[in-house]
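Take a look at the structure set out below.
By written order: A, B and C. Residues from 1 in each chain.
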Amino acid sequence: MEEKLIKDYSSPGRRGYSLPPLEVEKSDINENLAGYLREELELPEVSEVDVVRHYTALSEMNYGVDSGIYPLGSCTMKYNPKRNERVARISGLSNIHPYQPIEQLQGSLEILYQLKLDLAEISAMDEITLQPASGAHGEFTSLLIVKKYFEDREENRTKVIVPDSAHGTNPASAAMAGFDVVEIASNERGMVDLDALAEALDENTAALMLTNPNTLGIFEEDILKITEMVHKVGGLVYYDGANMNAIMGYAKPGLMDFDLMHFNLHKTFSTPHGGGGPGSGPVGVKDFLAPYLPKPVLKKDQEKYFWDYQRPKSIGKVHSFYGNYGVMLRAWAYIKTVGGKGLKETTENAVLNANYLKARLKKDFELPYAEESLHEFVLSGSRQKEEGASTLNIAKRLLDYDQYAPTIYFPLVVKEAMMIEPTETENIGTLDHFVETMLTISREIKEDPELVINAPHTTTVRKLDETAAARNPDLHW
Amino acid sequence: MSVKEDLYYSEDHEWVREEEDYLVIGVTDFAQEELGDIVFVELPEVDEEFDKDDSFGVLESVKAVSDTFIPVSGRVIKVNEDLLDNPELINDDPYGEGWLIKVDPADDSELDELLSAEEYAEFIEEE
Amino acid sequence: MDYISNTAAEKNKMLKEIGIKEIKDLFQMIPEAVSADDELNIESGISEMELMRKAQAQAAKNKSLDQQISFLGAGAYDHYVPGIIDALISRSEFYTAYTPYQAELSQGTLEAIYEYQSMICDLTGMGIANASMLDGGSAAAEAVTMAARITRNSRVILPDTINPAYREVIKTYGAGVDLDFVDLETEDQFIDPTQLKENLDDQTAVVVLQYPNFYGSIEKMEEISKMVKNNKKTLLLVIANPVLLGVLKAPADFGADIVVGEAQNLGSGLNYGGPYLGFMACKDDRRMLRQLPGRIVGKTTDVDGKEGFVLTLQTREQHIRREKATSNICTNEALNALMATIYLSTMGKAGLKEVGEQSYHKAHYLADKLDQLAGYQVLNKENFFNEFVLKTEKDSTELIKELLADDIIAGYDLKEAGSEGILVCVTEKRSKAEMDKLVEKLEVL
């Protein structure tokens, strides 16, 4: 099924909108704005029906977590509750301008404050900012905090250490904050190599960025040793909260001696991915770093909530307003719905589901690390590669079976990597179906490899020419 | 996987051809195979100077980026402008039309430190 | 409700397959010292009914714009959002989808982003647009750092006619890469081009201009542009209001090298400041393109020759380039970009123009009336579009406060921006009756 572009529905003079008539007299726009008026505006001229048909057709060429399993490692594609959508659309909570007086907004501010408290409780952090609008944004904000902290102490530290298994946003955020990035190798168990870390640490180290469990789903058992080593040289330790779904109620970054961290509300806290956003990446810090948080910070004085702008040591602002409020509403609704005990059960089932998949798949697919893993695990398609089909081929063949592929070729430490994270909202039915499909594909590689190598066959489009797309970019109509 | 006879090679998969007054440098067939379809090439400016093993450019394929490391020290006297619009020349003809830069060498003796065609062929066998 | 569907029996089956006794065993690698001892100090979960009741109770503690007339602008605009947008983006294949890395299953998202990029190019006149940034302020900040990278200079000219929140964000990002900011202080909420000229030198990476500016005025775009162009290496960054680009000339026509802005007003609603939608566009130039942050969708063909869309030029991005990436941006504002695309399709050529024109005429109606009142003066009468500065004899903070009792928010208190007066914004949503009411009330205060 193919769907033309919206502009191909255009017919001169066709209208899709309605506005009430102008009730006031016109001013002379030509006189006042001579030289600034547009002559030609190229936008589609379509009817409302055209718009609905077109975007409905587009949606039918898409696959969301409502369509089926989405086992993307590192993304936590859990079910997006519909009741959260209802909450976010309550007019009294959403039809609010960011510059309205706070006396008019105590209901919303209370929601945000409760969210802050809950995030602090889950992580054992002291103070939270809700301002960053994505995980990477939270990472960047955190590194600016680290930078300001050391500037304040008149210490010139230029290095940030990142394990080779880290998500790309980690080193990218560090670079944006002006740091040099030092990558350290993981050991053969997939964890931070303590010797490599010791070698990399010196009085020039500003921070170590870690996620725990790491991108292999493996918990860093030496985490307290690691944080101690960094603190010993006067550096700070940053926690990438992408994998929080693995530890809620079982471990807290604050107890692991992390100094600061970010959360991904669109991962752990069920807010929808939207095809690439909006997300929300709140940052949590220990008290000593609170002065550097972006302003304003939400505070409570007696029973009144307000935005505190009196923060002379703040790094400034990373978002024009207060962050992705609409996403926060949904996260608040989620935490209220699931509750404290429920969050722990969420983690338990996320880890149970992942380990179940691992147990069922590890006979047919190579498991590069024998370590126990939590909510996600990494397989290698190297055996299948030798038989003639790569991880990419396997991923594309999954699409033919109406299932989404796991994350592929990440983390970089594994060849032909497939990172799988089912989340807790899948059940044994969907998990078994996924396993059966993977085993089928594994068989197909032996019996009819062309089928897999030339996949996908049944999707809207088949293998796309990415080389042409990069060599001769066609980026707009 | 071809390895041309009359060239020098580096372990970074670059080749060097000796002309009368200058050296021509490119990447090997092995390198272009590894990289896949090249979509963009970043080349240095003419007159830029490099020390042996410095990064002098970048090759981008769809999913990866690779630095190119200069096998000998010298000054760039020409860059292959054709590559800006036709990066696929590197994939199609890595030893010919896919050349990257021409260099005025700083130290001729550095050529002796490079691999011969045989040595390079052995080297890539092991990779 | 915990959204977990495994039954006890099913869990046992799974435990058996894994080879362990109970779920707790899965966590035994976590050292005692970092284990959370107590249960999370968070209330037990509640039913949907209770949740809705709670949420409504919170809403009741607010006074939203349902209950009052607002003349607030200052970077977030109250334009009418057609119902069709929510209906379409509520289709779960759109909003529960992930980033379109597996292109074959994401043609819907990808084609929509391609359309979004195209429409942003149409509005701005620029050659290339990305798939979205986090908001207008951070888009401006990333455009500034992009300009610094391209020109290899670190000096940035930042006039005070730019949204103060944006200036703050730009400087915060700039601190990361040691940029050097020149704060251009203007008079009369308007840049004096000769003052700008004095500050340009060959170390200047970029001049930032807002169009219309924070106070609603349209700067001397032509003159400023010429000046910047004369300074060979310096780039011109324009922060534009996309709704008004339906009426106003494209920034490309003034020689903009990069155009960014806030596209919240293209169908995202107010939502207390987020999620919003940054847009970014630049010249169709190879070198610029490679420095552009953000995702980009391109059109291509598949093995059968069928047209399709993919994420392209990914080697600029963090997942491939890591610390050498043009930006760390990963999750952006894709759903809001879809809302903008649907908005622009729905309003179309004629509709967007009408929204801008109605806003213009209504704002001028109100401004004329207010200007005639004793004790009030519209400062930027000559060159504002739909936002203007109202100078008041009485203290602006007091005035705004008093009008709240009449269910009117008169505007943005410019004291917050270190200036004076009230920044009044009028969109097509303000009726004649509402505007007359404001005039009536101000007259007696």
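Here, a contact is a pair of C-beta atoms (placed from the backbone, for glycine too) under 8 Å apart; a residue touches a chain by one contact, two chains touch by 3 or more.
It should be emphasised that the depicted structure is a prediction, and the values quoted were computed from it without experimental measurement.
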Reference subunit B; chain at largest CA-centroid distance: C
Per-chain CA centroid nearest to the all-protein CA mean: A
Separation of mean Cα positions, subunit C and subunit B [Å, integer]: 45
Chain centre separation (subunit A, subunit C; CA means) in Å: 20
Centroid distance [mean C-alpha coordinates] between subunit B and subunit A, Å: 39
Per-residue multi-chain contacts in subunit C, two or more chains: 315, 320-321, 324
Two or more partner chains touched - positions in subunit A: 466, 470
Multi-chain contact sites of subunit B, meaning residues that touch two or more partners: 39-40, 60, 62-63
Footprint of subunit B on subunit A - complex, ascending: 409, 466-467, 470-471
Residues of subunit B that touch subunit A when the two form their complex: 36-37, 39-40, 60, 62-63, 87-88
Touching residues (chain side subunit C, partner subunit B) in the complex: 286, 290, 314-315, 320-321, 324
Complex contact set, residues of subunit B against subunit C: 39-40, 60-65, 84
